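The following pair of complexes shares a single chain, chain A, combined with chain B in the former and chain C in the latter.
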Partner chain A sequence: MSKPALLSLHQALRKSFQGLESNQKVWSDVLAECSPLMVSLGNLAEQWRALSNVQLSNTPLRDFPDLEERLRFKLVQATDTVLCKLNGKMSSLQSVRDSISNQVSAVFQLYEENTDSLDLLTVTERSVTAPSLSDMLEWLQDAERHYREQYPFCSCSHWVGFSFYSGSVFPQVMFRFLRRKTLLQTLRADDLSLLESAPKRWKSFESPSAEDRITDTLCKVSFFIKS
Partner chain B sequence: MEGQSGDIAVTSANRKCSAVTGSARKIKDNAADWHNLMMRWEKLNEEGFDVAGNIVNMRLTHSRSDQLLVDESSLPTSASSTLWQPTGGAPELQDECCKLQNVINKMGVVVTKMERLMTSQRAVQDLEEFQFGPEGRKFPLFHSWNTKLFEESSRALLESFCQELKLKQLILQELAHTVTSDLCMVFLSCWLHQPFIPPQTRLMLEALLLETGHRPL
Partner chain C sequence: MSLRLLSVDPSDRGSQRCRLGPRLMSALGLSLGSPLLVSVPGGSCLCTAWPRPDLAEGFVQLDLKCSSPGLISHPPTHLTLDPTQLTPVPCPKLKSVKVAVVVQSVEFKKHTAARQVHELVKDMLKGVYLHEKHVIDLENFDTEIRYIVVESISADAGSSGIITSKTGVEISGIQTVRHYRSQLQDQDSVPLGGLEGVSASLREMLQLPLLYPDTLSSLGVSCPRGVLLVGPPGVGKTQLVRRVVGEVGASLVVVRGPEVVGSRPGESEEKLRAVFERARSAAEEGPCVLFLDELDSLCPRRTGSSAPEDRLVAQLLTLMDGISQSDRFLIVGATNRPDSLDPALRRPGRFDREVIIGAPTLQQRKAILSVLLARMPVCQSVDIAELAQRTTGYVGADLSALCREAAMHAIREKSKGSGEQLVGVKHFQEALKSVRPSCLRSSLGRTELSLVTWEQIGGLDDVKLKLRQSIEWPMRYPEAFVRLGLSRPRGVLLYGPPGCAKTTLVKAAANSSHCAFLSVSGADLYSPFVGDSEKALAQLFSQARACAPCLLFLDEIDSLIGARSNSHGTNSVQTRLLSVLLNEMDGVGLKTLERRGTERILQAEGVEEAHTQEQVDFQEVCNNDVMVVAATNRPDCLDSALLRPGRLDHIIYVPPPDQQARLCILKACTESMPLGADVCLEELAEKTKLYSGADLENLCKEAALLALQEENMEASSIKHTYFLRSLGKMSPSLTAQQIHTYQTSPR
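Entry: the complex of A and B
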């Protein structure tokens, strides 16, 4: 059993949990900022749908021959603005996720470097204030996985194919979502329905229970962090 | 504002600002008026959008209940045609329509003022032609625009707003009589996004303000 290894691992865990705490806050703040944008996107989708359902030449608006084109242009512009803002939020979420991943993998690297000197008893032993090493490592991994799994919703950015942006902000996930993206690019007429379903899909990515678990974890380690 | 420019380093920009007279004065004031009128229009547009939204909501809830009644009356057993009450909510609807009319009247006033600006701009141009001949003055009044350019930009701005006003008047006429929700949505969409006022309008205003020295270079 090696005391220094345990100590340095504790130190790393403490840092990692602190990072998790602040990142969790940033994450939820950014998500909260996204909701009004998603509402706008839904509204715009509704306007697109209405415009495509109406044959303007059969309505009083026929007096304005170039109206439809002009309105479409304005709608594209408005949709673009919203998507652009969402893209910005996406990169913030991505950096949160990356920062969590980096911290967690650093802890695990440290652990693996020291596995020889950490016997089973050391790894599973816990005290009143400090949970066991194995528990804490597991929690960290769970949290990291949660944020990683949340990531697919970043594929939302690929609707951006709808307007003028590509999902280039997320080169790492490009591979994973390449199929979906290709699909989007080929099915241009389906853009509207994608846009319409976007807010709903967005909601479906929310997982309050997983967020709660992370909050629980942070409670469990609160003494440990402060010690 | 112009009077206190004595302690500011004199550059070609603000020297002209400090003591503009004649045509330059007129053009500069017109540019400021354009700015104010467009701001006023934006405010009215927001105001009108809320009212138009109310009208659509009223119409759609009513048409939905009408629809239900029609369905009922289509049943042979019910004599529910007497249930149809067109007066339900009509005063409120009338109220909102009056409000919208009011907003559009104010927008009409804005456009009339814009027309006046255009006339004044035209007059400046005419005066210049009288003074300097058809090719105009040799040196620009401000930075680089010749007088004709001011007239052209005024004309473009005026055209946008005239057209947009016509669209809004049409929306006012039709909105309360429209029952299809899609068309209502298109009307609202038109009201909100102002398709006849392209983004260039805003750029043109900024260019006008920049040229006349209202915005620092």
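Entry: the complex of A and C
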């Protein structure tokens, strides 16, 4: 049994669990900031729907020139702003994910370097204060997988749901797709419903149980971190 | 040490982990997270090794994130693995990988840019261990991308490796889950025997437009889009379609008639339109077959009054016409009652081709049986050719039932403890008794025969010989018949005085040749409705032809048919029946619907084949017809047209027994009786001139009864006096004059 390898690995694990703890906080804060934005996005979608349902020429408002176009422009602008903010949140989520991934892979690399000196008995040995190495590595991997599974959801909904406004705000990926939509100037009903359902879907991505598991893990290793 | 396979923990799902005991891990030289290939029946699975949280040995849990395609549809359960089935594999970092993506919906496939898919795939694959030809299950990501099929990985890496952020990912294609699943399913379908011709033509119709689209369009030909499969139930129409679809790799959209019909007006049409729409969208991904099973229920003949089905029929017609050339799907309909279909369906442009699958011929039965038996442990002594001969009139479904029944018999026997694992001849013989051909079910003249052998009939040796010549020989020695250019007789008429064993002779003939045997009497045929009897007779013949070679026995044909010349009037039922019979026996040709198999002509110069094979060929050519056997005791009443060669060509007189024959009959009748020592059968035979076979049998019975009467139930043997006494009481049923008329009466 080689002490130094074990010690250095413990050190790295300690560091990455601390990192995980702080990142988890950042992640949940960002998500909390996102939810009002999603609600306002839903509101905007409702306004879009209302605007497309109403025939302005049949109302007293017909005297205002270009009212429909103006309203539409305002809505586009508002949606753009919300989406822009969401996009910013997205990139901070991504940076959280990436930093977790990097920490975890660094720990694994360290383990792989020392595989020869650590036999399975050492790796699976547990004590009162510290869980075994294999358990901790497993938890770290689970956490990383959780964040990786969460992220594509967001990005996916982000692409499919909000893809039809002016291209300037959005990542170049969607560019061609958007252009056509802006040219059409009308929204397809199913797209609108996608936009309307966006907040709901956003909610459904949150999985409290998985989030709890990470909290559990952090509790399990709390003694180990402090020792 | 063996390992029990447990189902995976929910928390491990999607982690690609394989949980093992730590001792086993160190025995295999594995460290945490080392890649490991686990082979299970049906495929293999690439995992990373992790110790179990409770560190217990003797169990294994697999997460099937990266596994062979076969394991996706049938995940392994309740298995015991051997540690040798786990092998550590080196997994270097991959330079490049080529994958196909399986997505949930067609919309995603259409509306998503390739780059975006690429980015998602790369993101999801990062850190995953891959094996060549395996499928990555991405269910727990819960996105539109469901599976990623690994097609090839960079050559220097061997067969497996890990994806890093530097790995180049190339996407070769995107398909939907439904298409992928149907492809997976078709890989394990059963082969079909005896339908090669039909399946080849179906396959051609499916593949031609796909392989040579330019050729077809340059010829200005629109490729056929509809096939109607016609055949009796159980010949394998549905199976055939599934099989061909599987071979071609097309997707299959099945419509069962009743499923489409809805209760509200217009609902059925709507459902039908939805089905066509589904087929159209499936056709965008590759070849597709829309299969309308039991078409007769979906599309019955339209009547004058407007029934709700008429609208459905009209909708189907318009939908079939509305298929544009760009929709590359084939419509296959299957029915067993083509006559009840709407005639408008059966024209080119809708169902371009009609493929008739008849009841299997001898050759086809042999092919079917060899396919069925290939998967069973069969005893060496089971001869497929002979079994095929014994199963006239059996369709594919019957044959598979037969094999199942035989296997069940074998299992039952095994459970009794004899330890025999093979299915033997006796099991098949048992099964043949319980499984009857479905061609003949609900047929008029289906009769169960009691076993009668030629030996049980005393005397009449030339008659037996003649019957054997016409019934047994064509079956036994077909090659001799073909060599001499002989054809099997169409019909045999047995005539003679009553009670001279005509019926029994036919029974024995049917038993000795393993033909199907149908027997009708007047009660079966006559009906109070005009035209019904004729129809019944015609149907009887068509059923008999479906299971040829077949013996059709018309007992008492004089009362059944009669002659045209006598005074009944020209339009009685009998005359009409006679005309039906004449037509059926020697008509112009067969109805198209009764076609069976492919036309087979023997060629003199051919490849030298095995002898048995040749014999089977001869069999097929020789015995493809129905043979009519008629019996009468009033041959003078028969119409002369019936008696000419080509119809009833062998006319055999069954004479009353002479002295020698009577002796034989008496011997046969008294075989089971305990005769007294003084009984002299020769004397009896001498005294019973003009007695028929039935009379003699009666005589023996009377004598036995007399013995019981005299000796109060304790009689142990029948003495000669009883025979003589009962003979004194009886008189012969035949008269010399009667026999004289038979002998002189020509046809």
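One rule holds in what follows: the second predicted complex is superposed on the first by the 190 of 227 C-alpha atoms of A that agree within 3 Å, B and C clash if a C-alpha of one lies under 4 Å from a C-alpha of the other, contacts with A are read in each partner's own complex, and residues count from 1 in each chain.
In the analysis below, a contact is a pair of C-beta atoms (placed from the backbone, for glycine too) under 8 Å apart; a residue touches a chain by one contact, two chains touch by 3 or more.
Only a predicted model underlies this, so the values are computations on that prediction, with no experimental measurement involved.
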Partners on chain A (chain B, chain C) - clash or fit: fit
I'd like to know which partner A:121 touches here: chain B for first, chain C for second, both or neither. second
See if chain A has more residues touched by chain B or by chain C, and give me that chain. C
When the two structures are overlaid on chain A, which partner does A:142 contact: first (chain B), second (chain C), both, or neither? second
Determine, under the contact definition given at the top, whether A:67 touches first (chain B), second (chain C), both, or neither. first
Determine, under the contact definition given at the top, whether A:54 touches first (chain B), second (chain C), both, or neither. first
With the two complexes superposed on chain A, say which partner A:32 touches: chain B (first), chain C (second), both, or neither. neither
Smallest separation in angstrom, by C-alpha atoms, between chain B and chain C in the superposition: 25
For a test of understanding, state which residues of chain A touch chain C in their complex under the given definition. 108, 111-112, 115, 118-121, 123-124, 133-135, 137-138, 141-142, 145, 148-149, 151-153, 155-156, 159, 173-174, 176-177, 213
Per the touch rule above, chain B residues touching chain A in the complex are 163, 166-167, 170, 173-174, 180-186, 188-190, 193-196, 198-199
Over in the complex, which chain C residues touch chain A? Could you list them? 11, 14-15, 22-23, 25-26, 31-33, 50-51, 53, 55, 111, 113, 115-116, 119-120, 123-124, 126, 140-144
Show me the residue ranges of chain A that touch chain B in the complex, using the header's touch definition. 46-47, 49-51, 53-54, 56, 59-61, 63-64, 67, 70-71, 73-75, 77-78
